[in-house]
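When the chains are written out, they are named A, B and C in that same order, and each has its own residue count from 1.
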Amino acid sequence: MAESATPLAERARPAGTDDGGAAPEAGAAPEAGAAPDAGAAGAKKPGFEVRLANFTGPFDLLLGLIAKHQLDITEVALATVTDEFVKYIRNLQSLGEEWALDEASEFLVIAATLLDLKAARLLPAGEVEDEDDIALLEARDLLFARLLQYKAFKQVAALMDATLELESRRYPRQVALEEHFAAMLPELVWKHTPQQFAALAEAALTPKAPKPTEVGVAHLHGSPVSVREQAELIGLRLREGGPLSFRALIADAESTLVVVARFLALLELFRDQVVAFDQVAPLGDLAVRWTASAEWSSDQLSEEYEDQP
Amino acid sequence: MSKSHQEPSSEDMASDATDFSALPGGARAALEAVLMVLDVPASATDLAAGLNLTVETVEQLLLELQREYDGYTVKAPDMETASDAGFTSSPRGFELRNVAGGWRIYSRAEFADIVGAFVLEGQTARLTQAALETLAVIAYRQPVSRARVSAIRGVNVDSVVRTLTQRGLIEDSGTDPESGAILYRTTSYFLERMGIGSVAELPQISPHLPGLDGIDEFYDAGRM
Amino acid sequence: MSKSHQEPSSEDMASDATDFSALPGGARAALEAVLMVLDVPASATDLAAGLNLTVETVEQLLLELQREYDGYTVKAPDMETASDAGFTSSPRGFELRNVAGGWRIYSRAEFADIVGAFVLEGQTARLTQAALETLAVIAYRQPVSRARVSAIRGVNVDSVVRTLTQRGLIEDSGTDPESGAILYRTTSYFLERMGIGSVAELPQISPHLPGLDGIDEFYDAGRM
């Protein structure tokens, strides 16, 4: 866009050296850059020390615990981490820290996360037998993915911090309008009576109710989605476009409900032996193939989902 | 203070142009004069409309001024229009930058300590870790709901979002048609504070996020 | 936005001077950086104190800059300190003026028509709803800082406060001793437009609305 707009990553790096290390080191190793809390705690420092003002969340703490033990998440010695977590909480209590409800619930999320991780770890690799096992495996992957994502955001947050810090050293020229220009502004139209003005003030000063956190109610009123229609759609696409991945088949789904309907439709189609599935690697993309004759119609589907959204 | 002008085509405007040769310093100085009164970045288009010059001319003049303030000798053989731009070769105390889609004058970063002593209200306080992470998620996932940001950060972000809004770094950008949730996006003030032209200039997140392109889908499926 | 420094004599400060030779453009550029962002005129004494230079040096530099902006060739045989000031011989679009004992950079008078047209384009005679609400909050909670008004309104009010100041409806009434933030109050022009004699005549509003103390609890929860 402009000469002045150097890509951030390039500028953020020199910042560390220019400022004598005052800004977070953008190019630092992931662990150090990502988890200042853990970095501060260091490998040697006894106890897990987190200042409450700096505490930002369960993933933060979890990452900190993992980073501190310099372990890959898949090899985390959970017993150690869990012990340490409990110790951390006891320590906070002994310090007489007051716990706000928010913070307490955040810690509960950590506990749950650790429990998930532990449960997932209990599953012996490569011996997936029943659906519960699969669910556990997915939970572990999901958790792992979330941790990685959180870590990535933590890293870009550090980059942004360095950039904001660097940029704050430039002050914009922002001066009052020179008087002769100010005098040229159109005369202000003022129609408010003191009472109207007071009403305005009253409204402006009334504390606003916090904006509602969304509750997912949309599905309750969603338009019905028919499994049969979705089966028809899938059939059409597979016959025309050859094998498609499940991902591709749901790419245009406008809601989760449609995704679910297409999934159910696929199961139906599989039962009716008109499609086949290929999966190259475990947990890899699922390729769906049309195996029936071109004359198939959705009327041949079982009646199970008839008229059910 | 900038705004979009209803423009006749730039050719029309040039034909009807102000006679800058009668003014001291010509079009370059006129542009400089306008830059002096800006209180938000102004685009080359707005500046061109206000000065009755073509956008191309203004862009060239802006680049000339920018280089001159930075101390480059602008009278190069290939820049004939820069004939009166002088031979300055030491940087000025200020710089002209193109940020958030517009141009604006800033004091040079090297003098931050000195300038800071004169500016009563220093630049806003540094953001906390929580605020930075929330801002990062919103910047990369915008428009995005608080619930999604919370899911990524693993904590409730309501109060942080409120503070970021108060500081003008993010804003309400309507509601999600499906969930009815308020969606947030970053503001042009955010771009200005980051010194970038658009969010596309934010550093790529993918090197930090190996192989997780499809994570959003995962997310909606398994919300904790 | 200048601030008067508690000054030891300027000689003391000079002995403890900043090493400007390490900065690009030296002391002259440092002075220029300060002048570029100063909102209200600053005296040579204030500038000298802030820059850790003697008043004499600053006065000389100010005159040099003034002449340079006006297009004089400043590298004259009798001005050895101006060695790096360049050979500019065409006037800049801005000028350095000494008004009532203070120095400030203004857009050059010759460009008043062009600058005026640019500034006034799109200006309306009406206050926006955001401006009105902000004015109402300031009127009932004055003196009050921008940060506090932002907290009450939930959005950044910087640009609206600038507009209200520009319109002469509010003014700077000193700084908060604790935070150093500028406090704003309504002006006599505001009273005139409201048709009342003093702010005490503003109609009562509900006493149950958060006052300045209560607002903290409501809005400052999100630590930044």
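Note that in this section contacts are C-beta pairs under 8 Å (C-beta built on N, C-alpha and C of every residue); 3 or more make two chains touch, one makes a residue touch a chain.
Predicted model, so just to flag it, every value in this text is computed and none were measured.
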| query | In terms of CA centroid distance, which chain is the most far removed from chain C? | reply | A
| field | Between the pairs A-C and A-B, the one where more C-beta pairs touch | value | A-B
| task | Take the average of all CA coordinates in chain B, do the same for chain C, and state the distance between these two points in whole angstrom. | result | 21
| message | Need the CA-centroid distance for the pair chain A / chain C, whole Å please. | response | 42
| field | Centre distance in Å when chain A and chain B are each reduced to the mean of their C-alpha atoms | value | 27
| Out of chain A, which residues touch more than one other chain, so two or more? | 53, 171-175, 177-178, 181
| said: Where in chain C do residues touch at least two different other chains? | reply: 36-38, 105-107, 115, 119, 154, 162, 219, 223
| request: Spell out the part of chain C that touches chain B in their complex, as residue ranges. | output: 1-3, 5, 18, 23-26, 28-38, 42, 50-51, 71, 84-94, 105-108, 110-111, 114-115, 117-119, 121-122, 147, 150-151, 154-156, 158-159, 162, 175, 180-182, 219, 221-224
| query | In the complex of these two chains, what residues of chain A are touching chain C? | reply | 53, 171-178, 180-182, 184-190, 192, 194-195, 197-198, 200-208
| In the complex, chain A residues that touch chain B | 1-5, 7-9, 11-12, 36, 53-54, 56-60, 102, 106, 109, 112-113, 138-139, 142, 145-146, 148-161, 163-175, 177-178, 181, 210-211, 213-214, 216-218, 247, 255-256
| field | Interfacial residue positions of chain C with respect to chain A in the complex | value | 36-40, 104-107, 112, 115-116, 119-120, 123-127, 132-134, 136-137, 139-141, 152-154, 162, 165-169, 193-196, 201-206, 209-210, 218-219, 223
